[in-house]
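Each structure below appears as structure tokens.
Two complexes are shown next, each including chain A; its partner changes from chain B in the first to chain C in the second.
Here is the complex of A and B:
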């Protein structure tokens, strides 16, 4: 789980953070304005490719993607 | 539903909130035709003030050009005032198709369809040509009208970092399994005045078999050696699949827009684009005016050449005055002030000096990136620009920002 958190955090920083904003596992991503709802698509596709899972669209909500911790909980639900 | 006091109060609170947050927009009434010299009533009820306009999209100075006005008059006489119909019922005149043909030739595309505005073109085009099996990959700084069009389309949407070609390539790889990929960008970005790297984008789109969409609203008529647009500047005319542009800026400044590009894609818009299907197209006098604009621009590059010289003079003058501007060579020249209140104060003081330029701040631009956006025109003479530079020097001295770095301005005024 910790390794997954680091992978997701690193991806979010590379993909969305363009200044020196510090990110923790609980930093609000969508509601905090770091990831816009449009850009959730690539995050979802990254997770699906990386972990070989399929996240249904109705589960990929802004709430479920709102922090590294929440994302990892979601991914774990679909990991076999 | 009755419009109750409670409802009225609710909206009143929202509007008050906008005012308190400094986000309330106020119109300034111009009592003259659009030009370099205008007469403005501001605030409402104040006596008229003669000012130099350096914030219009009137890049080529054609908004009130006598030949364009004369052509619009003639169009009004010959083809009437309005059509009272959408295009496919009984709202298409010969001059609409004439204009579509002229735009096609001017932009170097295969076909063109007119829309009531470029906002409408952008709102309608994606939904008309893409489906849920496709993906749209847009630059993160594209215009609001494109974002609205993307929202109306069922295709998947992703973004790439502004002008970052490596990031775009990553996204093209990520979405390579989609039926169609459409890369979306502005040609010239309206807030920073920078241009999209269309040569690289064409290369990537060819490599990954993607469509390329470019909004040329802030470039048609003056970017490129003969003013055809950003695609001319980057040597990729004929390689852009979808171009949208407006007749409300450089190309006469009245109204109207279009989608121009691959024949089948334009035809898809004619069959499916909702703003085309469900609203009247451009009114006859405006069509006649735009036809004249394209005749003027096709006959000579004098106006875009003058704009290029004016822009170089303006950029050099601001830099020599010690102001920070966004680098580039387009006539959109943002003077960076970083702090929102400073941008508003400088705009107000410039107005007192007879210069009309507007401050832009969050949320229109990112936090800490407040600026005065200046826009140069072929309608400006050097004396206009000298007077505006003098005003910038005077106001800049007052706020002690001349020759100062970004850091020094932020330390003094904050983000």
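Here is the complex of A and C:
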């Protein structure tokens, strides 16, 4: 789980953080305006590719994607 | 009783002078939106009234009275004037929904310069084409967005000043950058406002078309007349209202109704600078006791998707009146809002070029869910034949929406693009580029766009711009971009792509291309789906037949394929 958190956090920083904002596992991503609802689609795609899973669209909610911790909980639900 | 009273009575003998008189504006005299939104409200005895309640994503809050926004806009105006910004220079606002965005908008107008608001999620290429077209003199931004400006700075010799509103004291400023921290500046009480006239340019908003680069829509200070009155009669703004316009001022709703309409009516308005979540939004409404809520179909459908349990957690009894804009509001959303909030969202139809509402549902009027409503008083609108450009004489016919030019907030031209501007008019009508029908009671019913522009979440995306960006990706040989149906956003961007030799379609390449477009243009323009195909459908002369791909996505008849290359 910790490794996954680091992978997800590093990806979010690389792809969505424009400045030197520090990110923790609990930083609000969607409600904090770091990842917008359109960009969430590419983050979901990354998770699906990386972990070879399929996240149903109705589970990919702004709430479920709102922090690295929440994302990892969601991913773990779909890992075999 | 609503502000508009009886719609049928209002359309009789309507004249825009109603708004001129209410605003004490005399034709030919000075009219400055910045002044009307601040100084005038103070002169009316509301200097201590709260003008703006701003809340950040962490729940932090700032409040400004009308006197505060008067002083702040003076201070910003003075700073810009001291930098050497002249009337009619273009000053770009490239910020999140922070207070400085709203206050700078008014400050720029006060010195007679032209505000060029741009959506802060734009990538460097989207930013560059718009600044280049406007030959922008200065940009006001945050340090988080400054890297995008720095990346393209060498290509913009005309951009003299990059004004950073939240500089990092530990880091030196770069070339052409200047720090401006509003809260540290001495407040300017006495300020000479530039004597703009009705036709003086005010705002330059950019919008996308099917082909070519984005167009700069030029508005003038006289637009205030329409924006003030439509806010009063359609949004039904009352002195006691707490108003929330959810739009970003990077787009026209966020300025016409998120700044000008609200402040010129002297109401208290709230701004939430945080990403969307149903919980956050309902909490915000309950906390600030919002009474008038102007939002968008995409947001409403997202709230529908979030379910009704979450609504029960909050007290939303303050809501008095709801309206929507950006794309057609489906009847299900109207019925849903009436059930869960006890009042329907009233759809309003207009666009960047019109500057204010054109066809809308009015308070007190019979609402037909799914209808656009009726023309605002003073607006002559109809549906015309797409070839003869003559109005239909029968009801129910689908044709082009057509509006008689001449309302106060109509665009005056496309910036440096008079030719495209002239093409918007046919047979004495202005054509917004949408299709609809009119029923036997005079209600308009939206059918769709008359071109290939994609309306995603209420924002127009040019397929041409996305296709051009895709071609810059090293793996992409050819591309075609169309709209794909989507429950929440109405439409999303879908790309069909052929690859260059040596590249193989894969999930990773798909994601790489998505991110490439997102960073170059914007998250809105990012294809939500990419389909790799061997060949794009083309005419024998080599033109990509986008309509075939569009029909496939929408399950429509493909139509005439006689010119198809490989037929």
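Everything that follows uses one rule, which is that the second predicted complex is superposed on the first by the 80 of 80 C-alpha atoms of A that agree within 3 Å, B and C clash if a C-alpha of one lies under 4 Å from a C-alpha of the other, contacts with A are read in each partner's own complex, and residues count from 1 in each chain.
In this section, a residue touches a chain if its C-beta (ideal position, glycine included) is under 8 Å from a C-beta of that chain, and two chains touch if they have at least 3 such contacts.
Note that the coordinates shown come from a computational prediction; the quantities given were computed from them, not determined experimentally.
Undergrad: Could you say whether A:41 touches chain B, chain C, both of them, or neither, answering first, second, both or neither?
TA: A:41 sits against chain B and chain C alike.
Undergrad: Count the residues of chain A touched by chain B and by chain C, then name the partner with the higher count.
TA: Larger number of chain A residues touched: C.
Undergrad: In the superposed arrangement, which partner chain does A:51 touch: chain B (first), chain C (second), both, or neither?
TA: In the superposition, A:51 touches no partner, neither chain B nor chain C.
Undergrad: Kindly classify A:62 by the partners it touches after superposition: chain B alone (first), chain C alone (second), both, or neither?
TA: It touches chain C, and chain B stays clear.
Undergrad: Looking at the overlay, what does A:32 touch: chain B (first), chain C (second), both, or neither?
TA: second
Undergrad: Hey, what residues of chain A end up touching chain B and chain C alike?
TA: Shared contact residues on chain A: 18, 36, 38-39, 41-42, 45-46, 49.
Undergrad: So in the complex, which bits of chain A are touching chain C?
TA: 15, 18-19, 21, 28-39, 41-42, 45-46, 48-49, 58, 61-63, 66
Undergrad: Per the contact definition, I'd like the list of chain A residues that touch chain B in the complex.
TA: 18, 36, 38-39, 41-42, 45-46, 49
Undergrad: Name, in rising order, each residue of chain C that touches chain A in their complex.
TA: Residues 57-58, 96, 121, 143-148, 273-280, 302, 305-306, 456-457, 507-508, 510-511, 514-515, 518, 523-524, 526, 528.
Undergrad: Where on chain B does chain A make contact in their complex?
TA: 138, 140, 147, 150, 156-159, 161, 171, 174-175
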